[in-house]
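Below are two complexes that have chain A in common, paired first with chain B and then with chain C.
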Partner chain A sequence: MKKWFILLSSLLCTACMPPDKILERQGISTIIGYDLLDEDTYKGTISLLQFDRKEEKTSVTISAVGTTSKQIRQRLEQRTSHDITSGQLRTILFDKDMTEMLGIASFLDTMQRDTSIGSLIFLAITNNAEDTINNNNYEEFPDMGSYIYQLLDKHERKEMLIDSNLHDFFSSLYEFGIDPTLPIIANKKGVAPYINSVALFKDDKMVGSISLKKTLFIKLFTKRDAFLGDITFNIPVEVLEKKGVTLVEKIKGDKFNITIRPIKYRGKIEFSKEEAVNLNANISVSTIELQPAVTFNNKESIKKLEEILEEELNKELGDILEVFRKLEIDPIGIGRKIKSIRKYSNTNEEDLREKYSRLKFKPNITIEIKRTGAVD
Partner chain B sequence: MKSNISFVNAYIAFFIIHTSQIGMGILGVSRIIYLEARQDAWMSILLSGLYISIITWIMISLLNKYENCNLYEIHEILFGRFLGSIINTFIVIYFIAANYSIIIGYIELSLTWGYEGFYEWGATLVLLLLTIYAVSGGFRVIAGICFLSFIMTIWLVFVMYQPLDSIKFARILPILSASPSELMKGVFKSSYTMLGFETLYFIFPFLKEKNKILFFSQLAVWFTTLLILFSTVISILFFSPKELERHIWPIVSMISSVHFPFIERFEFIAVSLWIIVIFPNLCIYLFISSKGVKQIFHLKQKHGIWVISIIIFITSLFITKRFDNDLFFDQVGQVGFYLWFIYPIFLYFISIIKSKIFSRS
Partner chain C sequence: MKIHLNKNNCPNYEKIKYILNESPDLMCRTLEVGGDCLEVIFMKNLIKHEFLNEYVIKYIQQLPIEYITFSYLLKNIPMDEVKTNFDEQEVISSLLNGFVYIYLSVESKAFMVNCTNPIERSIEKAETESLVYGPKISFTESLTSNIKIIRQNLKDSNLCTDELEIGERAKKQVRIIYIKDIADDDILKTLKERFEKIKTDDISDSSVLAQCLEDNHYSFFPQFILTELPDRFLYSILNGRIGVLIDRSPVAIIGPANFLSFFESTEDIYLRWSLSTFIRFIRLFAMVGSLLITAFYVATITYHFELIPSKLLLIIGQSRSQVPFPPLLEALLLELLIELLREAGARLPSKVGQTMGIVGGIVIGQATVEAGLTSNILIIIVAFSALGAFMAPIYEMGTAIRVARFPFIILAGVWGLNGIIIGVCVLMVHLLKLTSLNKPYLAPLYPLRIEDLKYFLIRLPHHFYMRRPTVNRPLNAIRTRWKSKKTEKDLDEF
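And now, the complex of A and B:
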């Protein structure tokens, strides 16, 4: 009896596996791009990795037209002898027009529903997804999907990009009090696609964009340990003199350029009084480049330099907050902060947006120059 | 003292109670309670844990009065053979339903994550045969399974450290915004996940060193509570409100953001591994229900196991849809709540009253 049991169990237990997947027969899609054609028809383009060694090309791109993401996929299947699998899907590109006019949330539903797609895939926006995927310049990578993934991944890890994977996008899309952002990838003839700027969203529609450098202000308040990226300032010499920064050498030109690298930072949104928000942040930096090479001879002048940089950053932050307010968006998550206060915890989305438009922002960034590199 | 009982050490109670509490429930509980108590869901868990801790104490006080009797036997002593058998039948049906809910719960999960298209009945058959084989080995085997299951799966907790990267503390604030009635509803809804401590009623006769059992069972209950608390807090911080409401298994969706250099999609491993987490549940519930069948109908336990398994297998042909499943889990949770959160108190008082009457006469 027992032996039969063991035999039966072992047969049953080992036979439970999904239909076999042979690597050579798989069309592994690494990137998918959607373009808007008409009112509600889209063009989907994917890039498939080739595993056949006899083939010279390492990837194939195919396109199809349909109304839903899965319908497009079904039609893509008609155009290839491989099984299209999305387990290695790393990036989804959206056409800019589509993002601006229709929004992308409905397209992303399937990405959440389909368990074969992980939640770490990147989302990005480009001018024409089909052209971008068909671009043949992708450095040493086997296909465009791998290239764009590496590009975005690298940037997220050590440069200026805000987290832009599926989970991050959804979690800020579905939370009122914060709006999502996504990178914009530019595509030019003859060069590999590159990250151009960052798109700002209102709900799931793109309403504007900011430069990569300015994402620093968003990261300052939304993430705890991201890389802020180096910050460069061009300060007119008069400003330095007016402030009374004494330098050992005299500066020849009329600009003083300085690049600083944030080491550590701490950002905090404080809802101080009715209608006023303090954006406090504290960044400790090291100076990595000074043009012209000068030496700050005393503590006093470093202090004054810090003040100049602070002023500059606060002004920029104030400007960008005004931009956000004009677009009626809140990528920094000030609304979320307000909602976490007991008094406002039951505010609904409309009231929150309305309140946001009336808030007074007080940027208050402090900079502390900690290191100056190997020289003073 | 009965001669056919094989004893195990008291500390095994920790593994048995803990592993039978942790099962399918923990994967989805954060969403279910979140729907009731919003960002204060974690408080419902804590309250629920506190309550269970008290219930466990009451259960042990009752069991200590009837040494070496399980709940079925206590029922017969307290209510007589006929009335006792009716209650016992009800309990057996509950355990069969609970067992079944775990099976379909797991099957649904594994069909969604990677095994789309496999027959539900086939998977049920596999799980049932495994369970039958394990339970046929007797209590010591089940105790061993619980122990191994704990050791083999507890490390999954450490996987959670990757999602910790993208949590937002503002999401849990303000604390205590849910009304007491919402919190209580959360406690009520948490029952399906927290159930499993009732196994103490049935494993008690098998344990040595009765004086230590209270300690180990409390330890198990609190460990489970903390584990569920931890997973709930992390899911609240990790998901935005609307997102958490959408995911059926928030923990699995959260694990899908975990990746290692050598493995890209960890959630598939976790889902497959989860069979080891639910296996002790299946074994214990089958064991308990077959014990009940033996008590009521004087059937051999071996036959009881088969009868119950066949019933479960036949039922698995009918309830296979998502919404049916949800309703079913809800029902099992509700019945379980009344049966194991409320009923033990009554039972305890009945036994006190009865012993008072007897001592007087």
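And now, the complex of A and C:
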């Protein structure tokens, strides 16, 4: 009893308490965006929740200019009566110019070291971060930060996006053999920001972008059971006829449109001979929509249709791999695969990149139409 | 005054009058018997006058003179309880218990007959532990009728009701009730030793007695179950516990108790198992919630706003924005307000009490929020925690939780979640150390007795209850043999 009393009073009498952060005195930032102004000056914009019920808006945006992220923060602090805290920070936006010219690793490094910022916050790229944050077209959300968070979170949960949080970015940045990707958010007048495409990185600099749909090929080989998303093909009728796919009725237009939904897939990067890589993947799909709605004659026709789709996909994959090679990037992680082979396990980064540029890719996707559903 | 003492050590009227400080209630009726007299001494308020008139005075008067002797009267007086061979002290205490003292001055011998007329209220419905289902009968203040209720409900020859007397000045009868071939002798011995150690002039109620018998007098938590329900009492006795009844108290003591048994109600047994299990979990959840939720609010608002989901953040932030107090003060204020209302409601007559509820609940709650003194989120939280404390079927446990809440709130206000964790650790250590009649308080959880969890944590269908809970160390662990049940045939079986 006495011991407890002494312990308790030694803590209480010396005012040994954590510094308090009472909710309503905090300026809670939910999103922060950085824009490049000059060569080494940046503009930081944050959106703070504001709790005054009399005000119609539930958030305020403030900006400040500085040379480091901490200086920007210091200057932002000057502009508000609340303590700016980053405990609820969910998204960091980067201006496109900045990502292309300077790289973002130095900014992210200080974020990573900040204990109040979790490593699961999202990163995204946009044309102008300040404008994006100032965009007022967010549906029922209290501020832009929560809107963009929901947007990215939804896409990640539905696996329409490759992982884009701070942790994933760093892990693929520092691992050699794979390069990071981040979503690009488009900001147009009058509409809420939306995800437009996916940025490709070489080290920490953005070098190009691919459409959301094409991330399918990255997911196919990097993830085990992601949701690949529906794939739509527009096949000219001649191709069908040339292949010999017989349909019950004749198609009137000149395009045959088909949407398939992957059920199960298995992607494997195989290192066959020196300098040759097989990208094998096996996707089981069900057809969910055919335009115009026709019925296939027999199993053989389906088999032939599969071949057409395979060709299409393989071609696309081949193209995209060429793009990657031209940009000298490797978001699929082929380098990682090479490194996992014992005799290359000591390869350093330069050798790996050099080797990557000489590789011969052989895409080999097979499609199996498991179910044709009501269309059958 | 000269005090006359006779050879048989039987005090006469003068003497008794002196000991009882010339009480105006003491009466002496002198009957002429031949040339001599016979004294009938009694306390006029404590006896049933019809008995005295009909079976004592009238009986003696109609007897022929030669029969009025000590031995004849002792054998033939038409009263059930007759006492002889007593000392002076016993005469006094028996008189105060409603006995009538009959003194034959010829032989200077005396005997006593029982004409007690105890104050008794009729047996009523349970007030503090009301049930929806099951028997509604409750104990009364009279030990005799309590024993009667127990005996009538459990006709077992092994049901023992050991008699004790405690209190040095105001002696009170205490009964230790147990079933001889079930209750553990060790526990019984411990209990009896505890009784011997009690030195007090008066025990006013069984709750006081329970506090005297406790293992740890400083604990927040009750270490005996106090109940006014005979069915709960008997259920515990049958599971190997020991019960104590004290005269003039409608509440029985059951021990050894463990923490979880304060969250079971007899209703759990009467209802179907699925519902009872659910309700038990609700009770435990309410208990934990009631203990910690206000503290959690204070901790998160003061130190850890990061923990609040972003959608909730704005709602809480908006409701907090106008509050002029720090969260700790705000929470303490509101908790005190609720306690105030509760205490006022309990003390006021029931008709006024209802008005108090409305005034307190609606007017004060609404007004404080509108005035911006508290946030409405906190009102919800405090209301929940107040409600949660009343979920415990045993009233004492509810009060313990209500009191234990305040240290948690203060810890949360001072050290945030760390404080709550420290508090929970201290609480856990305390509960682990606590014993009830030397049996561990957290019993089926620690030490873990998996087969007992079906008694204390969940309920299962009835055929799972073949053995008595092992935490009470029953001598006879088997309730029913399942095999005999298995051989029973279904209606359509041949």
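A few points about this structure:
Heads up, the rule we're going with is that the second predicted complex is superposed on the first by the 356 of 376 C-alpha atoms of A that agree within 3 Å, B and C clash if a C-alpha of one lies under 4 Å from a C-alpha of the other, contacts with A are read in each partner's own complex, and residues count from 1 in each chain.
Definition applied: a residue touches a chain if its C-beta (ideal position, glycine included) is under 8 Å from a C-beta of that chain, and two chains touch if they have at least 3 such contacts.
Bear in mind that the values here come from a model prediction, so they are computed numbers and not experimental data.
By the touch criterion defined above, A:Ser9 reaches chain B but does not reach chain C. Shared-chain residue A:Gly87: touches chain B and chain C both.
Touch criterion met: A:Leu49 reaches chain C, while chain B stays clear of it.
In the superposition on chain A, contact of A:Gln112 is made with chain B only, not with chain C. Judged by the touch definition given at the top, the superposed model places A:Ser345 against chain B, while chain C stays out of reach. With both structures placed on the common chain, the touch criterion links A:Thr58 to chain C but leaves chain B unconnected.
With both structures placed on the common chain, the touch criterion links A:Ser146 to chain C but leaves chain B unconnected. In the superposition on chain A, A:Glu24 contacts chain C only, with no contact to chain B. When the two structures are aligned on the shared chain, A:Lys219 is found in touch with neither chain B nor chain C. For chain A, the partner touching the most residues, choosing from chain B and chain C, is B.
Within chain A, the residues touched by chain B in the first complex and by chain C in the second are 12, 18, 87-88, 116. Taken in their complex, chain C has these residues touching chain A: 300-306, 308, 310-311, 313-314, 316-318, 320-323, 326-327, 414-416, 418.
Listing the residues of chain B that touch chain A in their complex gives 112-118, 122-123, 125-126, 129-130, 132-133, 136, 166, 168, 170-171, 173-174, 177, 238-243, 246, 253, 256-257, 259, 264-265, 267. On the side of chain A, the complex with chain C involves touching residues 12, 17-18, 20-24, 26, 28, 30, 49, 51-53, 58, 85, 87-88, 90, 116, 142, 146, 149. In the complex of the two chains, the chain A residues touching chain B come out as 2, 5-6, 8-9, 12-13, 16, 18-19, 87-88, 112, 115-116, 118-120, 163, 165, 167-168, 170-175, 333, 336-337, 339-342, 345-346.
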